[in-house]
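Both complexes below contain chain A, partnered by chain B and then by chain C.
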Partner chain A sequence: MPRPGFVLDVDRSTPPTLFWHGEGFRLERLPVGSRVLYPPEALPALEDSDSAIRQALLNPIDSDPLPTLLKPGMKLTIAFDDVSLPLPPMRQPDVRQRVIEAVLEMAAAAGVDDVQLIVALALHRRMTEAELRHAIGDRVYDAFEPHGLLTQHDAEDPDNLIHLGTTEQGEDVELNKRAATSDLLVYVNINLVAMDGGHKSVATGLASYRSLRHHHNVRTMTHSRSFMDQHKSELHSSNWRIGRHIAAQGVKVFQIETTLNSDTFPDQFNFLQRREWEWNWRDRAGFLATSKSLQRTPARIARNIFHSIKAPHDITSVQAGAVEPVHELTTANVYKQQLVPVDGQTDIVTMGLPYICPYNVNSVMNPILVMCLGLGYFFNLYRGKPVVREGGVLIMSHPTPWEFHPVHHPSYIDFFEEVLAETTDPLEIEAKYEEQFATDPWYIHLYRTSHAYHGVHPFYMWYWGAHALEHLGGVIVVGGETRSVRRLGFKPASTLRDALEMAEDVVGRDPSITHLHLPPLMIADVT
Partner chain B sequence: MRLPSRFPYRAATWPGGVARPPVKRRTGMAFETEWARRYPVRLARALVLDGVTRPAVRALASPELAGLDRIEGLEAPAIFTANHASHVDTALLLASLPSRFRHRTIVAAAADYFFDTRAKGAAFAFVLNAIPIERTKVSRRAADSAAELIADGWSVIIYPEGGRSPDGWAQPFRGGAAYLSLRCGAPVVPVHIEGTRRILRRGAKTLKPSTTTVTFGTPLRPTADEDARRFTSRIEAAVSMLADEQGTDWWTARRRAAAGTTPSMTGPPAGAWRRTWALGENRRRPGPSESRWPKL
Partner chain C sequence: MRALLFERSLPRYAAARVAGGLSPGAGARVGPLSLADVDPPELPGDEWHRVRPRLAGICGSDLATIDGHSSRYFEPIVSFPFVPGHEIVGDLDDGTRVVVRPTLTCVTRGITPVCDWCARGDSNRCERTAFGHLEPGLQTGYCSDTGGGWSTSLVAHASQLHRVPDSLSDEAAVMVEPAACAVHAAAAVAEDTIAVIGAGTLGLCTVAALRYFGAPHLVIVAAKHPEQKALARELGADVIVEPDGLERSIRRATQSLQLRDQLTCGADAVIDCVGNDASLAQSLRVVAPGGTVHLVGMPGSVNVDLTSLWHREVSLRGTYAYTDDDFTKAFELVEARDLGRLVSALYPLHRYRDAIEHAANAGRRGAVKVAFDLRNERGR
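Moving on to the complex of A and B:
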């Protein structure tokens, strides 16, 4: 039986705590009296995931069974999550492959000829052939791609977008035309965190900039407290409004959602998901061998090694049918894996940032993504109240190199060089610079034809952290490259001890400290 | 190169606020010895037993073997039960067994003593082919595993006293050997070992070479109306008779046995010094060493 999450009170006999540090690790001794939040252990996998998927399709929630929805001559579109999920990419067969194959078998049995697959990548970069083959498997890829039936959503293709009107709050709803005009849109989702899935799958994944800007903005982000708590997330509310509007326009969506357990790292990295005092000799040897060799490994090679990690994630649930009831069940299953009850807020929260976030799979974790992962994602992994109190300090550990992937993140480079050099205030950035980057023809060209994130994407990354920036009294990066940390508007510190000293200037003497032992992921349920 | 004496080079300390989970024991009764009966390990053990243990035993204990003719036609498996005075007993007995038994015999060893650490357990499992048993009771698990091994053709050495003699006199026999014999139908071979206490008595730190005698008795089988308790008495009587035979002669011992006057191996029910006195051993013991001063 996997153990639930755990809050450790650090005492004198507590061993040093593992901090992720990009493509490496640090062992840090936290002051006595600090708390360390450990995620729950991985839930057991479904015994037979293929038959569970089939059962979910045959017995959907608030919907007719999928086979009865499939008719000869109909227009069927299958959309699925892109390379940003799951993290790290999971071992083959990917859950998307399993689900898509199950859907296609039913479509074939029903004699559906007009089937198209669409990667719901919104403004993310297009996936490479290798990434697509990994996600949906060779069988599906080879059957659809050569005929042009496997496409990647293009949010800048005026010929393949359709405007479905506006919501009652004036939000434009512009979607992928093929998806919106299909007789049935099957969405295949992976729900790694509570924020994923639901109406967000279609309303965000298949939308255009014109539509996304209504919720990917500073106001929505600062009113989402947090993204992981649907009842307090403006991002969620906006997506739900748009999703319901889409349904009201007659777009029939059959939602298939899956949840994964938190078995995030393969056996040789087992120490990453164990509590330090429970490390056996194998874990200790693994840690020493990994960390020592990484210290002598050039950064580029270390990055390649880490990005080749495939997570042994297992499927813990699969549910299909109408979007809202399906997502309710999915969210409950995500919470079952990730919730950790936490008593009260803290003055200082510490976290070690790993090598990966949703936007740098097979890529470089540039400073903007460091900010987004720490302040956008990890800070928001809470329900109730943030782990850190208002005016508190967030300390994160990451090398934060001044380095960008020129193909994947071209607009990030200019955002970092030009925009952040002027201001780090999200509202000012939004008002002054967003439009210019979002409509830049060169960025649009790269987004549509290369493998680049959309020109506006770095802005969204910055907005993602807007709630944290507003809430926090200071952000300190331990072990980060000084000039890039300063460019982000944060303070660099060479050691955790220094960072804690600096934080005391903001929060006062003898602060309470809480460390988030991530990943594997968890959501702090703060009361 | 010396490794730093801190985590992660050494095991982490356990936080005070965290309850320790029940440790999954892999020592004592839970020690797994199946590996020690695989062919490569058996081969290695046979090499050690014949190449090291037997020459060492011959040099140290100069064993005189008696009664081997009584087990001439005996087929494995058998249960060898002997009195127990010294750690040397097992090596001596193994070295004295006919080859058809020697390489296919397991030794029932006290789980709390021989298997209290994994290293010790592994060493004894390898060298002596020892399996853990509980000395205080017949536990189902120990009995089951021993019975399985006997059914598999392995002979067993058991010391029914449950431990080495504290004072030179034997202790009352316990029922484990009899129970196994009743359960598996394997004959019990009573064995008497004399002289090992002079080589390495309980509590001694150094080995002193001496002469020893190992006397094998006639194999015993439980009769139809015998239970474990009564069979144990018979085994004990048989070993006592072998002790008598070793001290006197076969005929005297037989007669005394028939008359019910075989001297008890457990000694007189008297105070400690009188028991030691009656053992007669002290009187032959050499006096203190040349040094006139006590070793401090």
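Moving on to the complex of A and C:
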């Protein structure tokens, strides 16, 4: 039976705590009295996931069974989540492959000929062939891609977008035309965190910039407290409005959502998922061997090693049918895996940032993504209240190199070098620069034809952190490249001890400290 | 009088070229430049005056000469031995403080009638810089008859003398000549989106002139060093980037596409204040089709692929010195934008090697303009 999440009170006998530090780790001694939040252990996998998938399709929630929705001569589109999920990429077969194969079998049995697959990229980069083969398997790839039946959503293709009007709040709804004009749109989702899925799958994943800008903006982000709590997330509300509008326009969506357990790292990295005082000799040896060898490994090679990790995630649930009831169940399953009850806020929150976030799979974790992971994602992994109090300090550990992937993140470079050199204020950035970047023809060209994130994407990364920037009294990066950290508007510190001393200038003497021991991911349920 | 003398000596010129190639400014240690006691130049005529320099700047063209990098083009329009120094503020015998406008044109050479260019006031285009009653020399500081600023005495024609108002310090006054070059460069630019490559004295003064006398929509400056960046910002640059970030910045500003390194659109005008292979090649990469590259920095011999110039109908325009009017405007610019602050270091003549090395490495050492301070020189 997996143990639930745990809040450790650090005492004199507590061993040093492991902090992720990019493509490496730090062992840090937290002051006595600090709290460490450990995620729940991995939930057990479904015994027969293929059977569970089939059952979900045959017994959907608030929907007719999938086979009864499939008719000869119909136009069927299957959209699925892109390379940003799951993290790290999971071992094959990927859950998307399992689900898509099951849907295709039923479509074939029903005599559906017009089937297309679309990667729901939103404004993310196009996936490579290898990434697609990994996600959906060779069989599906070879059956569809050579015939032009596997496409990647292009949010800048005027010929393949359709405007479905506006919501009651004036939000433009512009979607992938093939998806929106199909007789049935099957969406295959991976729900890694509580903000994934639901109406967001289609309303965001298959939308254009014109549509996305209504909720990917500073106002929405600062009114989402947090993204992980649907009842308090303006991001959620906007997507739900758009999703309901899509349904009202006659777009029929059959939603298939899956949840994964938190078995995030393979056996050789087992120590990353265990609580330090429970490390056995194998864990200690694994930590030592990994740390020592990483110290001698050039950064580029270390990055390649880490990005080759395939997570042993197992499927914990599959639900299909109508979007909203499906997602309600999905969210409950995510919470079951990730919620950790936490009593009260803290003056200082600490976290170690790993090598990966949703936007640098097989790529470089550039400084903007460091900000986004720390302040956009990890800070927002709460329900109720943020782990850190208003005016508190967030300390994160990451090398934060001034380095960018030139193919994946071209607009990030300009954003970092030009925009952040002027201001780090999200509202000013949004007002002054967003449109320039969003409509830049070169970025649009690279997004459409290469493997580049859309020109506006670094803005969204910055907006993700807007709530944290507004809430926090300071951000300190331990072990980060000084000039990068300063460009982000944060303070650099060489050691955790230095960072804690610096934080005391903001929050006062003898602060309360809480460390988020992740990944694996968790959501702090703060009361 | 004490003077730094540049003599014709091929072996020493070759040595300077080698040394200067290894370490900028090192040509002063081995080359044809030396500190000497020489006779002061004689007054060539009635309208000539003796000027006792107070400050004399070290210019990029001086450094190129000392390090043996200047073009052979200059050979017919200089005369040896000469005393370098053409950025000069000095005193006349009656104590009047003057800035010397160094161009040696028809009037100074006793040529009548003056050439068409001089007649129009465009004396920087004078056709007679190697003729008349003076030895050849395009400017004071390159002519064996007039002497130059790196000494305690030189001669200048009345037409070259501009009285310095009391409100201008010596430091400000010595900036008038380079500022006049910048005024001239800026006057040739009417475009809206302008890139300035280089943020040494000339680049910074050009930014100041662009903003003071015009209203371009966007001025992007490529600057290497922190002090240069700060000054560029203060003087009116809208965007300041590292030199290797210029393409990216202009691409974004002009919403250009890109073909390898070549922007498909680009800046309407590029002002190259560096003048070497790399800066000219970069200028051609970032200038818009039909745009103009203004060569303000003295280029010398360069090796650049001009295909894009041909294909995109780009104009390459030289910008030398200043007109009579530019020189007058430069006083206004220097005072209004406090360009005297660009003078970062002053050296006595006997420390000329240090001064030249400092000037040759000015940006890296946090300096802009380095000058000789003659005010306390023996024999002045």
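Keep in mind that, in the parts below, the second predicted complex is superposed on the first by the 527 of 527 C-alpha atoms of A that agree within 3 Å, B and C clash if a C-alpha of one lies under 4 Å from a C-alpha of the other, contacts with A are read in each partner's own complex, and residues count from 1 in each chain.
Methods note: contacts are C-beta pairs under 8 Å (C-beta built on N, C-alpha and C of every residue); 3 or more make two chains touch, one makes a residue touch a chain.
Just so it is clear, the model here is predicted, and its values are computed rather than measured.
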When chain B and chain C are modelled together on chain A, clash or fit: fit
Contacts of A:Ile413 with chain B and chain C, given as first, second, both or neither: second
First (chain B), second (chain C), both or neither touched by A:Asp11: first
Which of chain B and chain C A:Pro441 touches, first, second, both or neither: second
Touched partner set for A:Glu276, first chain B, second chain C, both or neither: first
Contacts of A:Phe287 with chain B and chain C, given as first, second, both or neither: first
Superposition-derived comparison: chain B or chain C, residues of chain A touched: B
Included angle at chain A between vectors to chain C and chain B, based on C-alpha centres and rounded to the nearest 10 degrees: 120
Three-chain overlay, closest Cα atoms of chain B and chain C, distance in Å: 45
Chain B-touching residues of chain A, taken from the complex the two chains share: 8-16, 27, 276-281, 284, 287-288
Of chain C, residues touching chain A in the complex: 239, 241, 245, 248-249, 251-252, 255-258
In the complex, chain A residues that touch chain C: 413-414, 417-418, 436-437, 439-442, 445
Footprint of chain A on chain B - complex, ascending: 7-9, 11-18
